[in-house]
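The first chain written gets the first letter, and so on, giving A, B, C and D; residue counts start at 1 in each chain.
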Amino acid sequence: MVAKSRTYHDPLHGAIVLDCRDPIEALIIQLIDTPEFQRLRRIRQLGVAGLTFHGAESSRFTHSLGVMAIARRAFDHVVQGHPNLAPYRAAVLCGGLLHDIGHGPFSHTCEDIFGSQHEHWTLRILAESLPVRQLLDGHDPQLLHQLEQIYTKQHPIPLVWQLVSSQLDCDRLDYLMRDSYFTGASYGRLDLDRILMALNYDPDSQQLVVANKGLAAIEHYLIVRYFMYAQIYNHAKNIAATWQLGQAFQRARELYRAGQILADETVSAWLAGNCDHLPLEHYLAADDGVFFYHLQRWQDHSDPVLADLCRRFVNRNLFKATEVSAIAPAQQTELLQMLHHKLEQIGFVPGYYSTICQTSSSGYTLYQRGIKLLTPQGLQEISERSPLVKTLTQPLNRTWLVYPAEFPVSPLLAPLLNP
Amino acid sequence: MVAKSRTYHDPLHGAIVLDCRDPIEALIIQLIDTPEFQRLRRIRQLGVAGLTFHGAESSRFTHSLGVMAIARRAFDHVVQGHPNLAPYRAAVLCGGLLHDIGHGPFSHTCEDIFGSQHEHWTLRILAESLPVRQLLDGHDPQLLHQLEQIYTKQHPIPLVWQLVSSQLDCDRLDYLMRDSYFTGASYGRLDLDRILMALNYDPDSQQLVVANKGLAAIEHYLIVRYFMYAQIYNHAKNIAATWQLGQAFQRARELYRAGQILADETVSAWLAGNCDHLPLEHYLAADDGVFFYHLQRWQDHSDPVLADLCRRFVNRNLFKATEVSAIAPAQQTELLQMLHHKLEQIGFVPGYYSTICQTSSSGYTLYQRGIKLLTPQGLQEISERSPLVKTLTQPLNRTWLVYPAEFPVSPLLAPLLNP
Amino acid sequence: MVAKSRTYHDPLHGAIVLDCRDPIEALIIQLIDTPEFQRLRRIRQLGVAGLTFHGAESSRFTHSLGVMAIARRAFDHVVQGHPNLAPYRAAVLCGGLLHDIGHGPFSHTCEDIFGSQHEHWTLRILAESLPVRQLLDGHDPQLLHQLEQIYTKQHPIPLVWQLVSSQLDCDRLDYLMRDSYFTGASYGRLDLDRILMALNYDPDSQQLVVANKGLAAIEHYLIVRYFMYAQIYNHAKNIAATWQLGQAFQRARELYRAGQILADETVSAWLAGNCDHLPLEHYLAADDGVFFYHLQRWQDHSDPVLADLCRRFVNRNLFKATEVSAIAPAQQTELLQMLHHKLEQIGFVPGYYSTICQTSSSGYTLYQRGIKLLTPQGLQEISERSPLVKTLTQPLNRTWLVYPAEFPVSPLLAPLLNP
Amino acid sequence: MVAKSRTYHDPLHGAIVLDCRDPIEALIIQLIDTPEFQRLRRIRQLGVAGLTFHGAESSRFTHSLGVMAIARRAFDHVVQGHPNLAPYRAAVLCGGLLHDIGHGPFSHTCEDIFGSQHEHWTLRILAESLPVRQLLDGHDPQLLHQLEQIYTKQHPIPLVWQLVSSQLDCDRLDYLMRDSYFTGASYGRLDLDRILMALNYDPDSQQLVVANKGLAAIEHYLIVRYFMYAQIYNHAKNIAATWQLGQAFQRARELYRAGQILADETVSAWLAGNCDHLPLEHYLAADDGVFFYHLQRWQDHSDPVLADLCRRFVNRNLFKATEVSAIAPAQQTELLQMLHHKLEQIGFVPGYYSTICQTSSSGYTLYQRGIKLLTPQGLQEISERSPLVKTLTQPLNRTWLVYPAEFPVSPLLAPLLNP
């Protein structure tokens, strides 16, 4: 008996049923079954945030299924009123499903250290990885090209890439809901029904637009995004943990160049050089687990800095981050110098143990064409209609001092914060 | 500034606040911070079930926090009416928190293959692992002994171990709620308020008992357990995946004995012999990630059986399990022989690729003293009061045929299932 | 601008969108807008249960929308595989929407006292009430007849009436979910996705059947029903309140016959005689509010029994119900006599203040063809497949002693309960 | 057997357990049982909003329990750090429970028409209604005075009244959560744990303040409030329904003065004159049901305006409200005149059928001392710290044109909206 459908029971979206007799949904099933997509099970959606919010343990695999499910609902809703969009269904669903397939171990942290870019790798994997490529070509020889147009935001119908990656895309909708669900932050409860019902297509500009009456639902979504950044993604502990992990890999990289570290071929290839030229197999062989395994091994490395950084990370002995935005930049520099000096005195190699770093988040930007409302007077930029959204365009810039939790930084900070 | 409390935001229990000025809760915080407890972040609560239910990605760390939180609520509720129990608070809270600390990689799967027992290791870690032992002894020199009494169900006050490990314990309450939340199975929604309010202490027998009016809440909890086993834990795909993983380690073990496999010291120590005599450090150095890493490496092993089993597992190319309970045992054996024969013909080493296995679950057993209702007529076994619970005591035994998904087993099965 | 759709935001089902361009859904909208259907806003789903569970304040209007929404999902799911059922869509949706339109004030309580039957009135309203009748006939002259076949379970395609009224119908699915949501009883959380996905049509018997793999979801639904009856619908306080309300109307009826009570024409018509011969307008003019208003007025009636019963009910000074199932029937009668005697001594008219009554609920009956599983061996009655369902077929019979809460009944009861 | 506790199972707050042995909680139980408090079961929390959002059917009784439950959690949290506040527990809990006891039928709608004020009546009921007064005095002769200080915001400890009625009070916390839960609007999901944990007491100013780290939780709460007003409370249909109801009572009042209407004594007393001088018994005898009953009766009144307004309201044939904020005030007046003229031509008495009205809501005002953050630099007004809150202080003023739904207003509006 051949199965007629495959069902994924999702805590957020309920039963996600894929119909095997629909060629597009059959393709989705086959893509999910590729080793390349299964690899996303081994890359966490929120990187190291699970060290701060213990529930944040879910993977990009789970998230990617969710994005596809939302993209399907959104597209099938819009296409009802605009049947001429129907030919783009495969591109939108695959675009949603595969949008994270290029993510490497510890996602953004490793991108910073190793100079890899997941967008670049998404395109390479689609084009060069046989199991994926053959499925795409087998369905439609133009599909790969369309996906490239989506990921580079050059698809002739902007709606097609906007559903996958824009200020109001299915990626964000899923991760805000999902991260909120798993971290237990009530902030992120979106009104997905109202949002999806408000989505529409503007035949003139060929863009994704929002019906006027959906304004509040979209405002709410942007607010949620702001809160999730402020409270979860940019939480002080998360900033510290992320930087700390980066330092461990940074040190490993330096030791590798000096020929003083052992790693398997995959990790060696990453440590060796510019990641964008890695052989595809080494990129695909890497995941959070492979890298974390090396950190575990390096806990006993002879280099005291590497060993210490790895032990701290593995055992969740996290650095601390304190906001110092209120201190003038010049004084911040002085503060860091003083701190480095003190850390050095007690035996630390200070650059690996302390830094000043910045986070900047805004709930909304005009980047990627913003979000357009369909009003009786024509398309209107949402930030011009909504004082709340206007407020969210002001980026929230914060400066953080990162240092070992056991180091008494208060005596240094107190006179600066309360002069 | 010293923190006054530490808060864990839990998706199920809301804010779990630990009060640093309460010596017991301060101890809990310190225990959470030990490397031994942090290691539970790297062991999944549901082993390989995430391959079947994509949301099932949470760890024993997360679960253990939840058990402690429920144990605290339950104990603090019971102690209100029985203040003489107050001295056991530390034992109950630590007992709940640490009950899973002895779990090894892939929990029960590896226990079967390597002959380790997490209960044994829990006791060893508490007694022998310095950071944990010192914290326990520092709080109260009798605490370790009390925990041993809890885990061996020999504590003089049965309620103390019953809250941690019995037919109605905080472990089960948390995992049913949590697994349901993360897999999206609505079945597992417990009425925790009603259950906890019904818990009481019987001064005569010193047991945990249930107030008469809590009958329905407890019936419901036992039903939920039955459903979670039937639908989630014993799902056909999960049975197949678990067996398949075991086979890979089984093969690795044999190759190790033949000197034909490479592994790091930790995994080597596991492969080498009886796990209950492992040095503590090698037990603690093992986790899901370390073992999974080896499976990833062994995908390229020269032994075709090992390499194939590992590739299948890593890429989630899962075996299939079909229920054959309806077939008479003698015919089951014949069936397996026939299947083995056919698999051999097409080049498989059949023992690694196919088996008949059994699952047995009952929603309720009298084991561990059962659950007692406090009625006007005295204590009464719940299964004697409730026809539903009585029904649940009948174990659900099921027999499964496991085989590679690509193998057409229907022609063999059809005549047996529909004679 | 003509609206393209109408949306009801439902706390359980999310956005229920009705498409104005679909003739059936347009009909649904018009039926909702009739005074007959709007009247259901003034009849509570759970009668007086709100006096016991304060959240249980929702109306049959709300519930009826939900039934229609589930019926639509269920029907549209089944019809996908059986397009020949499509002509029955209007009947199923209207059948679901209108199934409660015949309910009178305080539903079942008043049915007992006044001898009305909501099933009878549903048929009368559809046939005789112009606004409804014209809409039905305008859509399809056969529709009324089909609805009659549904409500009398004589539709030639059993599936059509089974979706509306059977052991597994959309009515029960909605009210279990809804009552659970509003009372805060976690028991009632159904896995609607899994249930609806399991529904199917058996072309041979033309019945609604359940796919084999949906067994657990259906078992769970039946268990939920059992719990909701045991815990909510048959709660002791609810039994007492229901009986107490009936007594007030009983007394009013007697006073009416004696010409000793004032009421408006509608209530007078009800008090006067056999309700099944009421003029339609008086049936439709009655609702919970109209009847409750009279209870409020009668608080000052010169008849002390009526005045007292009304005051107690209005101010929620409820009778008490104590389970006496453990007492032998002969002793129950004695007990009631003794109680009546004592009540009389202190000035009560005992028959209005105390009774012995029975409740009987079973989670499942074979009535209305039961529920059929579609197995490889053909249709199978679910209770023969599931020991849990089998257990649920045993009715739970309970006997209750009802009496004024201020009366000390313990001295009478204690020797009988603990002889 | 005397009960040790009473439990209310609440869909939002879970089990609300009141301890009978705690004198304050025993008082709460007795207050709940008074006819005055039970009367709140018959006044809907959201007035006529159930006509727009069908789930909005819950009562002020339900809400008042919730406010008390939150007030208890909030107070018991704050008092932990400030034990000197303990003497005010009874005042805060009773203050929360009874804050709505003075509400009349259809709350704000009837206040506008009849000139009653629920705040005035709350004070009168506490002081003059025997059952309540005796309970308060019996507990503590000073309690009534303290409650008066709370409701007039003159309590010497501002925190005591701020918990009950301020920009961040338990009233708002409960109704936002509850209205969101029952209407199905995801907007209103508050993070109650985080909010309550952030509440604190400032010993200097004796005010309720918010810990610095609670900023986001409070921002979120204020945003939620903004959304609930924009989407639910000020929904166009709700504005129309509210005005329409007022018009019916307005007309009834005029007919009463002309001696042309029948009503029972209670409603007559309301229709007769200034409601603030009503005898207490007539105030307490009035509720939504009593007034709605009269609307039902008046459907057959000989005055065609009253009869028509009542029939429309009873059958939910609602007026329509269209936003005309974009039109200049002078033109609005013209528009209304034109509309009145046209309505008159076709036989309407225009003043009862059409109006221009305004709504104004701001998410936050400085009124009632605002909300103060406790920062290292001292107390700080939240709107000065948060750009989002600052934005919310700008009131959202909207102007609406209300008219019968069947009247084609578009031809009048179109040229003004799109000149």
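The definition used in the following text is that a residue touches a chain if its C-beta (ideal position, glycine included) is under 8 Å from a C-beta of that chain, and two chains touch if they have at least 3 such contacts.
For clarity, every value in this text was computed on a predicted model and none was experimentally measured.
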item: Of B-C and A-B, pair with higher C-beta contact tally; value: A-B
item: Identity of the chain that, by mean CA position, is farthest from chain C; value: A
item: Distance between chain centroids, defined by C-alpha means - chain B, chain D (Å); value: 50
item: Inter-centroid spacing, chain C versus chain B (mean Cα positions, whole Å); value: 42
item: Chain A and chain B: spacing of chain centres that average the CA atoms, whole Å; value: 32
item: Multi-partner residues of chain A (at least 2 other chains); value: 9, 14, 185
item: Chain A-touching residues of chain D, taken from the complex the two chains share; value: 185-187, 189-191, 216, 219-220, 223, 226-227, 230-231, 376-377, 387-388, 390-392, 394, 417-418
item: Chain C-touching residues of chain A, taken from the complex the two chains share; value: 7, 9, 14-15, 17, 193-194, 197
item: Contact set on chain D toward chain C in their complex; value: 1, 8-12, 14, 33, 35, 38, 41, 50-51, 53-55, 57-59, 61-62, 65, 181-185, 264, 285, 289-290, 292-293, 296-297, 314-317, 410
